[in-house]
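The structures come next, written out as structure tokens.
Presented sequentially are two complexes of subunit A, the first with subunit B as partner and the second with subunit C.
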Partner chain A sequence: MSGLTPGFADPVPDAQAWFRALLEAMARPGRIQRVAALPQAPAPLAPAAAAVLLTLADAETPVWMDAGPGAEEWLRFHAGCPLVAEPGAAGFLLAAGAMPELAALDAGTEEEPHRSATLILQVAGLETGRGWRLTGPGIGTEHRLSVEGLPGGFLAAWAANGRRFPRGIDLVLCAGDRLAALPRTTRIEGAG
Partner chain B sequence: MTALGYNFGYLDENTKRMIRRALLKAVAVPGHQVPFGAREMPLPYGWGTGGIAVTASVIGAGDRLKVIDQGADDTTNAVSIRRFFAKVAGVETTERTGEATIIQTRHRIPETRLREGQILVYQVPMPEPLFRLEPRVSETKRMHALADYGLMHVKLYEDIARHGHVAMSYNYPVLVGGRYLMSPSPIPAFDNPKMDRMPALQLFGAGREKRIYAVPPYTAVKSLDFEDHPFRPARADAPCALCGSRESYLDEVVVDDKGGRMFVCSDTDYCATRQTQREAAE
Partner chain C sequence: MMMQAARRRWMGVLARADADAIAARLAEAPALPRHVRLRGPETGLVMTRGRQGGDGAPFNLGEMTVTRCSVRLADGPVGHAYVAGRDARQAELAAVIDAALQDPARHKALLAVVIEPLAEAQAARAAREAAKAAATRVEFFTMATMR
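Our next item is the complex of A and B:
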């Protein structure tokens, strides 16, 4: 317990600011958001990924993560969320290492597609203005997004995720203190 | 300053988190109704509790809030809700559409085109567009899952067969993103085209029915119709008696007991701005 670092400095406004960033990210896929208020998360948690979990996770949301015991203790203390061992049982997943297979996660049902998992994926870099061409709801004509550090085969897995709409996984990409989101409706073309 | 004894935005943080999770999923599946736990509010269901819960979960200290009721900023409901948030969130409020970051609305979309960075929050009495045709929630859920909206098309067809046109002047059903049938809340059909590819984010909260749904920016919102009976929004055939607008949605106001009446803009901010401009030009 002695090594535990703080979460949000001011939980109410900080969580609100991060939620608005997330809402904006989800509503405008591929646009990068950042918030000045960062939690002091233990490595290997990226500050943005940690902030997303503090904003959304609580006792009602089973979380899966692969960031090690230090990060697990930190999150359990600050968010009070149950941690699960099985990726398919989680409402939120945080992947700091290898990306879990999208097909193995909870995609919701046809009647209740909102009961699907949100995958928070830590990546090496995010940049707008080049890379993928994104289209879909939330995008006027197209957004460009370049993501560094995604596994090979990601585009095929993402396309498969989109084909089962309205079921599907929503993705939050975090690099350091920046984040961008890809809801299940976003179509990706071109190379990242 | 926030009033003492209240959390920022009135709702507790657990409730806000639950609503925030619902909002994110609602944005991810445009037009799909996401259930949420509606909390007791200091006003009864039917007065905009769903919209208030959404606004309370979204709003921050830096936001500027506008609230309209049937287009008007100065009606009881609008004034009370604006005052409520000024008290429990300490936010600035405005009557200007262009200056607001969050606009909570009951039954209208402002005439001024909304832009990116704005959020439009609708108060919704009945989120289920099919409820008059199929009262069982278990059935409507399945119809949404299967995108089986034949029943609504039959209703439109019967309207045309009986009346020669679709007899719905408000709450006219729309198809969102080519997939989900959605109730636009009881806005006039006149406002439906404004929802299509709107640059602002649209959030819908139904407190009594405990549903949240959303339309992301630039998303196709199509009013249901037939090729030979295209959707035609109705507007009173008159200019506004105060500002002269021929484009805005009009309210009919009875002015005496001898059948006298006038038509005025329902959007008070739009009308007042036009009147000021006209005076300045003279």
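Our next item is the complex of A and C:
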């Protein structure tokens, strides 16, 4: 119990600000969002990824994470969420290391596609204005997004995820205090 | 198990004491290191449950106001407090003392200076109130014979 650090300094307004940022990120895929209020997250959690988990996870959302016992204890204390060992059983997933296979996660059902999992992926860097060409709902003509530190087969896995529509996984990319979202409807072209 | 029972006792004593009484006792104890607030103090509602006759089906008795606080002392231990009512200062003081009591180096002095006097005062008050109530006790058997 000795490594615990505080969560949000002011839990209600901070979580609301992050929730608003997540809505913006999902509505405008590939646009980077930042919020000044950052939690004191234990390593290896990135501040933005930790804030997203604090905002979304509660007693009714099973969470899977690979960030080690310190981070698990921290999240369990502040969010009170159940932690699961099986990625396919989780509503939210946090990947600080290797990305879990998208095909193995809960993609929802044809009747209730909104019950699918959301993957929060920590990446090395996020930049707009260059890199991938993103198109799809929420994007006027195109957004450019460059992501560092994704695994090799990501684009193929993402294309397969898009073909399952309306089922599928939504993705939140976090780097430091920045986040961008890729909902399942966003199409990616070009090299990252 | 021993630790758990002892901790339950001191957390109960702190939860029943008011903030001024705790602060007055704490002022006479060796100074504690600084602490950071992990959560709260924050006030919310807790559903209390009862059982008819002690072993019947559980039912919701009603909600009560509870204030909780969790802190970590600068040198490690984490303390928690759940107290009835809205007194944030009491919850924070109780959490700090709970953290410090888990530290073997501080345990004995704090127990003697803070917890024992509070427990004695609470026991004395409970005895006083029990005596007051006992004075008005009605013996139904006696009433029957008085007629």
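Methods note: the second predicted complex is superposed on the first by the 192 of 192 C-alpha atoms of A that agree within 3 Å, B and C clash if a C-alpha of one lies under 4 Å from a C-alpha of the other, contacts with A are read in each partner's own complex, and residues count from 1 in each chain.
One rule holds for everything that comes next: contacts are C-beta pairs under 8 Å (C-beta built on N, C-alpha and C of every residue); 3 or more make two chains touch, one makes a residue touch a chain.
All values derive from a computational prediction rather than experimental measurement.
Superposition of the two structures on subunit A leaves subunit B and subunit C fitting side by side, clash-free. Within the superposed three-chain model, A:Pro113 lies in touch with subunit B and out of touch with subunit C [touch as defined at top].
The angle formed at subunit A by the C-alpha centres of subunit B and subunit C is 90 degrees to the nearest 10.
When both complexes are overlaid on chain A, the residue A:Pro13 reaches subunit B alone and has no touch with subunit C. In the overlay built on the shared chain, the residue A:Pro166 is in contact with subunit B alone; subunit C does not reach it.
Set against each other, subunit B and subunit C touch different numbers of residues in subunit A, with B touching more.
Contact with subunit C, but none with subunit B, is seen for A:Phe77 once the two complexes are overlaid on the shared chain. In the superposition on chain A, contact is made by A:Thr5 with subunit C only, not with subunit B. Shared-chain residue A:Thr128: touches no atom of subunit B or subunit C.
Legend: residue contacts after superposition of the two complexes on their common chain; A:Ser146 is shown touching neither subunit B nor subunit C.
The gap separating subunit B from subunit C in the superposed three-chain model is 10 Å, by closest C-alpha atoms. 11 are the residues of subunit A that lie in the contact sets of both subunit B and subunit C, per the superposition on chain A. Touching subunit A in their complex are the following residues of subunit C: 36-39, 42, 70, 72, 76-78. Across the complex, subunit A is touched by residues 7-9, 13-14, 16-18, 20-30, 32, 34-35, 57-61, 116, 141-142, 144-146, 177, 179-180, 197, 199, 201, 214, 216-219 of subunit B. The residues of subunit A lying in touch with subunit C in their complex are 1-2, 4-7, 11, 77-78. Those residues of subunit A lying in contact with subunit B across their complex are 11-13, 15-17, 19-20, 22-24, 26-28, 55-56, 58, 60-61, 109-114, 116, 118, 137-140, 165-166, 168, 170, 183-185.
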